[in-house]
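Structure below; questions to follow.
Note that the chains are named A, B, C and D in the order they appear, and that numbering of residues resets to 1 at the start of each chain.
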Amino acid sequence: MSSPGFKTYRPPVMEVSEEGDELLEVAMGPHHPSTHGVFRMDVALDGERVVKLKPVFGYLHRNHEKIAEKASYLASMPYTDRLDYFCSLTNNWAYALAVEKLAGLEVPERAEYIRVITAELTRIQNHASAIGFLMQEMGASGTPLMYAFREREKILDLFEELTGSRMMCNYMRFGGCRVELPVGWLNKVRVIVDGLPRFIDETEALLTGNEILMARSQGVGILKPDLAINAGVSGVMLRCTGVNYDIRKVDHYGIYDRFKFRVPLGDHGDIYDRYMLRVLEMRESVEILKQALKDVPAGPIMDPKSKIRGFRPKPGEAYGRIEAPKGELGFYLISDGSPNPYRYRVRPPSLINLTILEDMCLGQNVADVVLIFGSVDIVLGEVDR
Amino acid sequence: MKTAEELLAIIKAALPGAGVELVSNPSPSAQHSLLLGSSTAVAVASFLRDHDELALDYCSNATGVDWPGKEVTEKMKVTKLVEGVETVVEETVKRVEPGYLEAVYHLYSVKHAHREIAGPVVLRMRTANRTDQVQLPSLTPVWRSAEFQEREIFDLFGIVFTGHPDLRRILMWDEYEDHPMRRDYVDPDDYEYEPTPHDEVLKRAEAQKAGIRESGVTA
Amino acid sequence: MTVISPFWTNLDQIFVLLQQWIESFFPLWLQPAVGSVLGVVAIVAAFPGIFALTTVLERKGLGRMQNRLGPNRVGPLGILQPVADGIKSLTKEDIVPLTADAAVHFLAPVVLVIAVFLGFAVLPIGRNMVLANLDAGLLFFFAIGASTELSIFMAGWSSRNKYSLLGAMRAVAQMISYEVPLLLSSVVAVMITGSLSTVKIVEAQSGFTGIFPHWYVFTPWGFAGFTLFVIAALAETNRSPFDLPEGESELVAGYFTEYSGFKFALFFLGEYLGMFSIAGFAITLFLGGWGAPLSVLSFIPSWAWFFAKLFCAICFFIWLRGTLPRLRQDQLMNFAWKFMLPMSLLNLLVAAAWRFLPEGPSRWVVCSAVLLAAYVLLGRVLMRHQHLGARSYRYAD
Amino acid sequence: MLGEGILKGLGETAKNFAGSFVSKERLTTVQYPEERIAPIENTRDFPFLVYDGAEDADEAAKLAGLRCVACQICEKECPPKCIYIVKSTDKKPDYVGKPQIYPARFDIDISVCMSCQICVEVCPFEAIKMDTEFELSTTDRFGGLLFDRDHLARSNQHYHKIHPTEAAEVDARLAEEKAKVEAKAKAAAEAAAAKAAAASAAPPVVKPAPAKEPGA
């Protein structure tokens, strides 16, 4: 197989717009301050207006699925932390859920409660960071981002106390969790959860009424509901168009049915709606955490009969999915009875939410392309896998 | 949501000509799937999407699976003349099952999302073989969400989707020839190996370094 | 004027006395030249010093607003940070692109800094402490201020770089379209004072009724003029919500992309000095120049008051930079032509009405009512035209 | 009304600015080399091998106390394959006294290791644990980041220092196992002694049925 030598770089052919004047070809990325990682957008500009936009992926592609096929089921768990490196606990949970469906494992009560608590904490710190990065692109020089990171640090310290690492938690196992809660951990979580509404109020006071934010984000990057459903968009991007589809309510996975929480919906499908939905979802997550922290039952955190090594699910296949902060994160596993999965597929919410990036950006101003892209809230580890 | 059997019955009733079979799934998740014939796949897909009661308008996941040809050794009872006497003889026959590439789609309904708990409706399409006939009809016209995912299947598995608006490689660079996710994929050896301290990785790194040192090209 | 003890008057006039003392060493025919040279040396020393202080102040202020410490490693509390930055910019290699027009590329920062320094000539820093007491001081300032756009376009054009040209075009468009409301909002103070000379404008505001000074900002048209002037000043110096040219997150370019080393530092210096001079003029026109805020406090030297007010203006600029996101190019232009211009024109009318209405509360009510009505009306029309506004959100059942 | 939201936002940053001088909540900087965050107990950075012995034991004592029996389970289970074990030919007694193989060479390439602690999870002999030492920068990219057995071996006291509760549990389990093994050994020794005594005391006239030792 001859290795492809690097041919000399061929500059993209200069396209001509209908009016006949040349389009300005701008390649935004991969080394670009506002592309959330290595990601390139080939944008054709007619003056300030975007005429064509082609996203280019693959800079961070390490073929996580091929590695998983060669490794055991357990060995892939730490790699799921590296998918969406902002929300490692929800990635772990999605993978564990899919394997539990594949092998039909039960999860004890206490582990379910721990899963909900850690997942909602992950959702809050992810939404806070997403808002911070969006404001950073809008020009507010880091202030909202620093407030978001101040809260995120507290939550990451909680994760470090529980799992041993701030972002690479590797905490869930097939049939439960890996480590028992350290003494006093739940009280620390209660203290931090009580402080969160104050942070959300501070963010709302700083940003929600801000006229410049309204001017820059209302009516920009509008997404229609039927296109969103057809394009498989999920998470906040789908709900901002008014579609009521939250997998916690649809699939009833975990023990979310025991908690009373609401799902905010937007009506305009623009950047301001996505910002507001993330703020309101943070408030709902705080409600869930308050209810979950009230009665965490005692008991084992791991299904006693599940083995750590030599885990061989019976042949068959399963598709499990959860409501990750960025959208619907799914794992599709085919097992052939051997300790290695025959096929291991990750359904990345970020990649599929980008399918309609071009539809949202056409005709918009070039300054808005960065905002629309920021409001989708993607992470390249998950897009490129 | 209906079970796979009921779904099959509905499709058979509505589209008699559709070549749809049931593929059972032994795992406890019991997510059985429907194998679509490639000729009528798009028709069945748009039927499933537009059917007001099923309304499978949300294609959550589209992925490829590679099933290489397997040698199947079967024990067959063969009556054979052994020294003139009719006897039943156990014989092992080695048969090579032809391999194929498969595209799997998981569908959900957003319109009827809050009815009862619904496992995904799984559709499968299989190519004729793994070498030359690797065409499958693209379902992107039916579900736009399959656009990037079908490009990824083409990039990593090599299934050519006819009718896809913009079939290009999505993850690997355009000049790349091979398809990495196939079971018989061989790593190109021009990677600069990060020499780890042991076994074949180390040997390969040294060989490559030696190779580079001789040819004078700096690493 | 309340009686002020000689010690304080001497302190107030210390620089003037120092200048006269030095002049005494020179022959009579040489003294005016030496006087102005001393004035120039004072300005060239003082304001770059303030620039150095402001860079630290800005980074520490932004840090404190964001719950973190600013730079505190270089010198106690980070005071020597500007020295470090200065040395760094001096030692950095000064790269000039091959295709760049070298002469114009070199001249651009020089023109900018010279133009900005000239602006300080007519700025009254203290009681009879102004370098050039021109009768048309304000006119001189705005004429010189207009040439900063020239240097920016020179920088953008000469770098032969697509992005810096785009950045320069945007910067020039923004500065020119905000030049108009800047001038119109300052004309108000000129109308009431009846003179273009900055010294006279300051004197017109130096009286006190009771303990409150006669600053123009405490009148309805003065307050409106002040806010319009400050908003236009922000746009003139590419600061905070209007830092479009160099703060572009999409084109990642500004007109000084191709500059590095000391030339980049010169642009930086030019921008900050522009900020000081325009803040100085806002103080001169509306905040009573070197006047004391309360008659009781007028014993404190006049130049101290000027620099105190300048310090407050700098903190205000930093405060805005830490809070506000950036406007888009077309919104910026709309805001200038559809909101700032009508408001400043209306402000002229209101000032005229103020001038001819009899004294007393009726004048206050009429003027402020007109201004408020215009503000709310224009604001609502502008917002409704783009149907912006707060939204309420429904929840799934 | 235009500008109202902006003023509210300005108020917010002003509150934070003023607050940063007053409340600890609004100033979160920890000036790293001088100030340090309190060490969190469960932190995991890179593995180390546990040996039962004094903190400053010499090479031989370290090896003697090493718990690792070179079963290579961690080498198989390690996702990025960064552990490399060469078994020894001879055996050495382990903490219970039973002769066990020990690793002649035990390398971990910490430039490859992603500190996921799966080796700790799957190790049946409590021989490898996660350290909390993270300032490990070296100038040598290959040799410096390749830790050999002696560099990895750390005493049980060190383990107690960094992970107190976990270490206590592990010691309890090992002690209990040791007690069980000793009890069985003692019981077996008594049975053998009893049999020997019975055989030597009287010529085997009649073979007394050996008393059935209660199952250990």
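In this section, a contact is a pair of C-beta atoms (placed from the backbone, for glycine too) under 8 Å apart; a residue touches a chain by one contact, two chains touch by 3 or more.
Note that the structure is a prediction, hence the values are computed from the model and not measured.
Closest to the protein's overall CA centre, chain by chain, comes A.
Across the two candidate interfaces, A-C and A-D, the one carrying more C-beta contacts is A-C. Distance between chain B and chain D, defined via averaged C-alpha coordinates, is recorded as 43 Å.
Chain B and chain C, compared by their mean Cα positions, are separated by 66 Å. Centroids of chain A and chain D (each the mean of its C-alpha atoms) stand 34 Å apart. Touching of two or more other chains is recorded for residues 143, 147, 150, 206, 208-214, 244, 249 of chain A.
For chain C, the set of residues touching two or more other chains reads 65-68, 322-324, 383.
Chain contacts: chain B has no residue touching two or more partner chains.
By the touch criterion given at the top, residues 1, 3-4, 7, 57-58, 61, 63, 65-66, 101-104, 227, 229-234, 243-245, 249-252, 313-321, 328, 330, 332, 334-335, 342-343, 345, 347, 351-352, 354-356, 384-385 of chain A touch chain B in their complex. On the chain D side of its complex with chain A, the touching residues are 2-6, 8-9, 11-13, 16, 28, 37, 40-44, 73, 77-79, 114-118, 121-122, 130, 165. The residues of chain A lying in touch with chain D in their complex are 71-72, 74-79, 81, 143, 147, 150, 153, 157, 160-165, 168, 170, 178-179, 182-183, 202, 205-214, 308-309.
Of all residues in chain D, those touching chain C in their complex are 1-3, 6, 9-10, 12-14, 16-17, 20-21, 26-29, 31. Across the complex, chain D is touched by residues 61, 64-69, 319-320, 322-324, 339, 375-376, 378-380, 382-383 of chain C.
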